[in-house]
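Chain nomenclature is as follows: A, B and C, assigned in order of appearance, with residue numbering initiated at 1 for each chain independently.
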């Protein structure tokens, strides 16, 4: 990369935000300056650095980009290209605290604004994954999210597996999780070993809940047997499909179950550092999961003594980053554009190394499969819009739409009562 | 080339560009290839992007150093101190390639003894490079699967340039990093056909194909072919020519495509000597500073686009140049001019075309024998040596050193004991700054060719100083200052360069008509190569306001 | 102790069937190369000999038996037993759509072969109406050496890759923005002289649509004097430093009008530096007796 001609330095606050992640800047003219691979090898810290700038300053200025470029051995054009890819970042001046107002379907149905009718100073946002409390808005930057119940499950059923702990107390209470049988599946997984875990998952019939429905055991086995190391595990929590909020609900209400699930998956594929790629707008989930990870580290359940750790990567407002190869680019510090397949992630994924990417809901099936030998025959459904009790419902695969709507309390008063049966009878699609 | 020839018997880089891509450690020593040899550096970057480690040894944190895993910012002129320290570290760490040394080299014991005093601590004290960095380079080079050691004028443009080259050859011998695919020594030639000039015998002591002038058998071959007697004594190299002019022994000159009135170190002396010749003829494509002094100027052709022939590049590849356009006005093909000159001097040199001249060369130079034009076309150039029309040699030289059979191995490559010597001109109170010179990307030598296009990045001559020196001198970016040495003074605007350490200033020689930097440089020459110490002069910088006011 | 053998191991080969014909190619060969590379009949836009394909344009799609979707022939390697079809109703439909999408939004008038492909696939780039054209893209003239006309840009990434890791490693341009707003851009869209651009022109050489153009060519086109039918191309060697880069001189009326480098040169792979690319003028700026 070439020398930068601009000479305006980054502000002290900008440099602090970046140095906080990269450490203090090097002595430029030490007689033995280190650059090259070591410096360029920190490129994966670009996205966190951009977040740090955006959270603290509100936007990403040209001098900040120049400084970041020099710290990462990259060019300003590259940094600019990445920053301009993400919806949550601004390249023009604005206040540190920003309000993002949802203009998507569920919120519009609940009286939310359109792209052109949002308040001055607020950003029109695609679905924020808060459809259960439409119309929704969030504030990002400068402060912690407002405390609120964080509950999005409705019609809890006694036989719920995935939602079992939702609403049952303080989600980050580690003792309560352990008292409830938490981490016993991980203990069992250690006894089973990688092949035993994969056999159990195979027997359960678990398939990917992200959309493609690929058998999870086959994916893990493919990664496990790759000779190249290290092996990576990524939990895809970039839930961005309009109208979905189940992964957020799980993370906000049962973070330890996700940690335990990832620990088991890591055992199966031979991975020492798992990553959660979490949607940038999910601030509450971020806080909850961070706290849970911290407490697990303190308890020796994560970290070097446990042989496994988890890191959260915050997305930054890019729908495409839910695609698994786009996640790799995003984590590595590049524009979150999908890669060609082949090569497939199991052989060449994150950093070109073998990688398993699993969706949150997929992983959350794992503990009960390991500890109870359950079949993976239940799924989560997000109901929002014209239902009385919007939220997440757990139900067996094969449930009818009508039953789901009934469980969400049916349609509100005043809405046309189109039941599935009547739709069928009338011959409409 | 003198150093390489002394060690290995052939004055050429040992590797080809593509081999740089196969290396896992690359050292650019005294070479800002990113600017001076950008397309060679592409090959280096390919290796770097594939994981190779890059070390850059240069007093300046240059554009090349931006890509380095480690920059070793040595003091100007301490190259031998650094290489000897590296050598000692390699020996003491048990990383020397004992088998190779034993079977393919000579003089190791004396060499090892000579570097013994160069502990890491002493190396650090003399070169300024932290011991840890020296150690890292030493271990990386010795431990590499295949290492490339590349250099340019930062090594050769010193009064002891040949020793500098020998000291790098020593490192390759010590570690066996030569004579294998991917491992080798790559000097990058500054000018497009300087290698080809050497190939063709444009050296004072060589006939075409690097055959010695003093070799009676070789000379006889040429005598027969040319029906003339080649003088049996070595001629003069450029610097010796100037000395001969001074002594009055050289009175007439034909200068072809060279601009010594602007490119020589201590250029005032060069101009005086050129101006006082009996007869000066210049064959050039531009009215250069030298041409201005000439009695007769013969307008020639731009060889790369107005004539047919061959050139040889830094990887010893002979390639065809082809005529694309006609020379303008009365300008003529250089060969036509030479033949016409010969005719005026009473010699009837008759050639059907340029190709026939090449074929004559092939008949006299065994290393070019296998390179008819049709084959150069077909293969996109051929590297020497190429002895026959149906074979190709390996892309690297000196594979013989690894041969099992001692007979195939040939003459062992000698280690050379080289002594660290500081630059001729030390900095002192009067001239406290070290001036080193070099090139920028978008300009070339004295600017005769590169001045023909408008580069948005070209800002004319500047004197580059470190931020610390700028503030100490109280000069601002862009301020015109006076730079003086014991030989002369020039004025140039300051450019503050964060890649410079305090005490080091940098200038180019691209804009001699505006700022004649070679007024400052020192005419201290390595007698063996004839190359002057362009890389180290002592200068001072004065504010113009302060000196006039 | 022996010399390290530099002869490479025999390259493994794979056998596949393309349009009913059995072919055997080296492992790693792409479908496009197995078909004969550029000009083999499969249309290509974003494909260049010297850049690893990004398959951004999707005009070279072919059918592979067992694959749910069409696959880009420029970047999919042939595998053992692969059965490939390069022309079918489905493929033609896809190519027609791509040509119409690109042709409706971008000026492809200087892109080789597009007219013949439009005819061959029955593509009508006007069918989306004038609104589909990318609006307000002034030609950027911010230096004396080359111009940028992004109304011709198909975002093929070749210039970005040539400037970046694949060749020049300057990383001066990249794709900025997303979706409809995506553009090739310097940081903050600063003018080239304010960017780190070193004017190697390696981006110009790989641009398939004429969005990047030498000023010499641009000026002649504006003046109506650019005439490729009257041009010859002569390969020679650069007269600057000692690397010996291969130049391809484009000559019209006894005058060099632009300089490229042969893509198959082992020295340059089609790349040059600013001196080789633009430094030819000095030969033509010489004073003559008259």
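What we mean here is this: contacts are C-beta pairs under 8 Å (C-beta built on N, C-alpha and C of every residue); 3 or more make two chains touch, one makes a residue touch a chain.
The structure displayed is predicted, hence computed values, not measured ones.
**Student:** Using the mean of all protein Cα atoms as the middle point, what chain has its own Cα mean nearest that point?
**Tutor:** Smallest offset from the overall C-alpha mean is found for C.
**Student:** Top contact pair of chains, counted by C-beta pairs?
**Tutor:** Counting C-beta pairs in contact per chain pair, the top pair is B-C.
**Student:** Measuring centre to centre with C-alpha atoms, which chain is farthest from chain A?
**Tutor:** B
**Student:** I'd like the Å distance between the centres of chain A and chain B, where a centre is the mean of that chain's Cα atoms.
**Tutor:** Going by mean C-alpha positions, chain A sits 57 Å from chain B.
**Student:** Provide the C-alpha centroid distance between chain A and chain C, rounded to the nearest whole angstrom.
**Tutor:** A distance of 38 Å separates the two centres.
**Student:** So which bits of chain B are touching at least two other chains?
**Tutor:** 67
**Student:** Which residues does chain A have that touch at least 2 chains other than itself?
**Tutor:** Counting only residues that touch two or more other chains, chain A contributes 1-3.
**Student:** For chain C, jot down the residues that touch at least 2 other chains.
**Tutor:** Residues 169, 197-198.
**Student:** Which bits of chain C are touching chain B when the two form their complex?
**Tutor:** Those in contact with chain B are residues 1-4, 6, 143-145, 165, 167-169, 192-193, 197-200, 232, 234-247, 249, 251, 254-256, 264-269, 271-276, 278-290.
**Student:** Residues of chain A touching chain C in their complex?
**Tutor:** 1-6, 62, 65, 74-81, 84-85, 87, 91, 318, 335, 340, 342
**Student:** Once bound in the complex, which stretches of chain C touch chain A?
**Tutor:** Those residues of chain C that touch chain A are 55, 72, 75-77, 164, 169-178, 185-188, 194-198.
**Student:** Mind pulling up the chain B residues that touch chain A in the complex?
**Tutor:** For this pair, the touching residues of chain B are 48, 51, 53-54, 61, 63, 65-74, 128-130, 132-133, 466, 498-501.
**Student:** List the residues on chain A that touch chain B in their complex, please.
**Tutor:** Those in contact with chain B are residues 1-3, 28-38.
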